[in-house]
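The first chain written gets the first letter, and so on, giving A, B, C and D; residue counts start at 1 in each chain.
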Amino acid sequence: MINVTVWNENQHEKTDERVRSVHPNGLHETLAAILRPEKDMNVRTATLDMPECGLTEDVLSSTDVLFWWGHIAHRQVPDEVVTRVQKAVLSGMGLVVLHSGHESKIFQRLMGTSCGLRWHELGEKERIFNIAPSHPVMQGIPPYFMLEAEEMYGERFDIPDPEKLLGLCWYPSGEVFRGICEFDRGLGRIIYVQPGHETLRSYENEYIRRILINAARYAARPQALQDTRVGSAFAEPLEKI
Amino acid sequence: MINVTVWNENQHEKTDERVRSVHPNGLHETLAAILRPEKDMNVRTATLDMPECGLTEDVLSSTDVLFWWGHIAHRQVPDEVVTRVQKAVLSGMGLVVLHSGHESKIFQRLMGTSCGLRWHELGEKERIFNIAPSHPVMQGIPPYFMLEAEEMYGERFDIPDPEKLLGLCWYPSGEVFRGICEFDRGLGRIIYVQPGHETLRSYENEYIRRILINAARYAARPQALQDTRVGSAFAEPLEKI
Amino acid sequence: MINVTVWNENQHEKTDERVRSVHPNGLHETLAAILRPEKDMNVRTATLDMPECGLTEDVLSSTDVLFWWGHIAHRQVPDEVVTRVQKAVLSGMGLVVLHSGHESKIFQRLMGTSCGLRWHELGEKERIFNIAPSHPVMQGIPPYFMLEAEEMYGERFDIPDPEKLLGLCWYPSGEVFRGICEFDRGLGRIIYVQPGHETLRSYENEYIRRILINAARYAARPQALQDTRVGSAFAEPLEKI
Amino acid sequence: MINVTVWNENQHEKTDERVRSVHPNGLHETLAAILRPEKDMNVRTATLDMPECGLTEDVLSSTDVLFWWGHIAHRQVPDEVVTRVQKAVLSGMGLVVLHSGHESKIFQRLMGTSCGLRWHELGEKERIFNIAPSHPVMQGIPPYFMLEAEEMYGERFDIPDPEKLLGLCWYPSGEVFRGICEFDRGLGRIIYVQPGHETLRSYENEYIRRILINAARYAARPQALQDTRVGSAFAEPLEKI
């Protein structure tokens, strides 16, 4: 079984009726509902309001892949929680960062860059091109597909070169974006997925749902890791010199 | 002219006679002396003991490439200095990280990983293979060359995949290491160079000297950057929709 | 089920008693015997002497991953067979290239480089470091392990930068090698694995066996490819302009 | 001095008045005229009609960087000429492949893939985003710029992952393209640049001109190569075993 934890800051939901109408049980439940039908997945949720943001050592050590949705409350996640999640990723836990999570502390921490981009919100459509059709995350995804409405995220996206560029986004307002990417850090795999604005319905799109399910399986902690060292270690000589 | 700043924690030099004998004016002066004869370089130094570690906004904004040697005092570099250096790199300043700088706060910050490795110090020799002979940093470097004595740094080196792997190291004690690497972060280029243990004389080796000179030129802030944005920005639509 | 085809030039076996003693049924059968016990694999073999080298359109279209062992007879594989295999890889068939297959026509064709290296054969030992412990091909592999005797392959290995560097090799004669690598070409995945000299017993090593089994699963043609276009195509406009 | 050779198939120019009106002396002279004013460049041209396509051993060994424009006559370039150019690139000569050169034999040979793409020709505009502002090829290029009219080349572009993705293209017809890329093969650097349809005027654009000039300097054969081996070589042991 793959143990999935879906984290959501769960702030827009408290104040914005439009968000509540799209995500009546919160974005975390919208996301969890996509993954729960998968027979190989155990899905739970965690939010900012919980003690330690719901991301205790116990939760992280029993999580194979963590989904992350955040936006207006990035700065409210304590640094010690970010450090704990970073260490979990470096030890092999997967991380799927969604939409505005591009500027979350944890994504910035793992990337080492600002993760900034250019943006506007006009409800325009978005077309996503499948650049890596044989990659596990892109299985079952056609050469391109359309979302009816999304927030525009445009280049330059201030990320390190991805280990694998999976999807490229086109917007009618004249922009492009490296919207689906794999990054490898330590023993963990990180997938960034652009769609997911809080007032829109991209998570109802069948291909986005497929990408999230694929990402959960692909990024999940490998079962046969022989060594999860994080940090340096003295080494006895392997050969006599 | 390329403005080079060589930073050294300058701690071993205060307490260890062996280090003083190899680096009578400090490791920063050993390194600066390699670069000063280059007619296109202005070289200055900075150390941990200086106010703000000698790395004020003024110094960084007038630095094209920063060399970094640190070891036992990594934790003494204040986080705000690290943040300042990180922002300078993302804005285009180059960074050359030397030897034990692999666990400096600034390198960890930019990599997002622990940057840990396996190590021992037996004074054994080290052979470096030139994996990328046409890369600017490896110009003038033979297919392989030998250092008489170095500290062993061995794999797995917990770094993200380098944007370019430049040199591989062999040690008689049975180890290998990705010892010369390029990383690109934001608008800045980062070169890591393994040799440089404080009691040894690798900086007298002609090829290591050549690599450091090449790295200074290659990583130096480009002169024709059109945009040095760090972080996100609202974007007016480029097309009518 | 994963349909595996193991290809072997099967030449040394005819003339060299030492090779026959290690591989009594040919190298192809040695390799096939590693994979056959896997319940999700259908394994067959093909050799140079068969019509069309045993690699007809029918065989390739029903192969999910092709293993390749060749050495002295690289030039005897007809160009049209090489072209056929290349097209199969670009359409999604996996390819696992073994040892001296580094200079096979098909590997050179897919890499675009000479794939040359430096070599000698002294029966020395070889240590392989696991650089990517969370990669599917390296599951179950310890941080490093030893082969009792192998042919030395050393750098510079004239390959394009691998999409993922998986294993690094150390030899007592003073050399290093990027010995386990992933390359992605078209829709196909290519894994190169250094060990496998014809007179030696590396294929009896449990970790090499594990790597070959893992590679078969990882490189196998994905089941949910939506588009296997090879070459260019006219595109009707997706938007009115 | 950088020795530049501009190669053009020079076929459209013979039969198509529109092409002659845009390139009165042939596309090779249009391109050469961009580079000739640079004081560090010696520029000559070669075309398909010349003996050995104008690409003799003498020409190639005295060329530091080769520009390539071809389209309808790709199949007329003899394989032995392609092999000669490939070997020159692997030995350190740079190659700048323009527009429809994506399906030239030499580009396919060096990439190992079909280099296919999706296309149409509607005279629509094209916007190019600078993804790597600090890369030498992108010096002086703004965050994005517009071409008035180009042929559309769209994804999936069947290339190996570029060593560096430099520019992304947006088209109003709903497409995106990885239009400026660096590939490293052997000791040579290869830059692909999308614009340059034969009936259009992209080579009059100041930023495209700047990119071509930058590419000539960046891809030019390095002056300090220590070893230009192509292929394998026996290696005497570096250490006693």
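In this text, a contact is a pair of C-beta atoms (placed from the backbone, for glycine too) under 8 Å apart; a residue touches a chain by one contact, two chains touch by 3 or more.
What you see is a predicted model; the values in this text were computed from it and never measured.
Comparing chain pairs A-D and B-D by the number of C-beta pairs in contact, the larger count belongs to B-D.
More than half of the residue-numbered contact pairs at A-B reappear in one of the options A-C, C-D or B-C, namely C-D. Each chain gets a centre from the mean of its Cα atoms; for chain B and chain D, those two points are 33 Å apart. In this assembly, the C-alpha centroid of chain A lies 37 Å from the C-alpha centroid of chain D.
Counting partner chains per residue, chain B has residues 127, 130, 133, 143-144, 154, 156, 161, 163-164, 172, 174-175, 184, 227, 238-239 touching two or more of them.
Residues of chain A touching chain D in their complex: 127, 129-131, 133, 143-144, 154-156, 161, 164-165, 168-170, 172, 174-176, 178. Taken together, the chain A residues at the contact with chain C in this complex read 92, 127, 130, 132-134, 136, 139-144, 163-164, 172, 184, 187-189, 222-227, 238-239. Taken together, the chain B residues at the contact with chain A in this complex read 86, 90, 103, 109-114, 116-120, 122, 124, 152, 154, 156, 158, 160-161, 163, 172-175, 183-186, 227, 229-239, 241.
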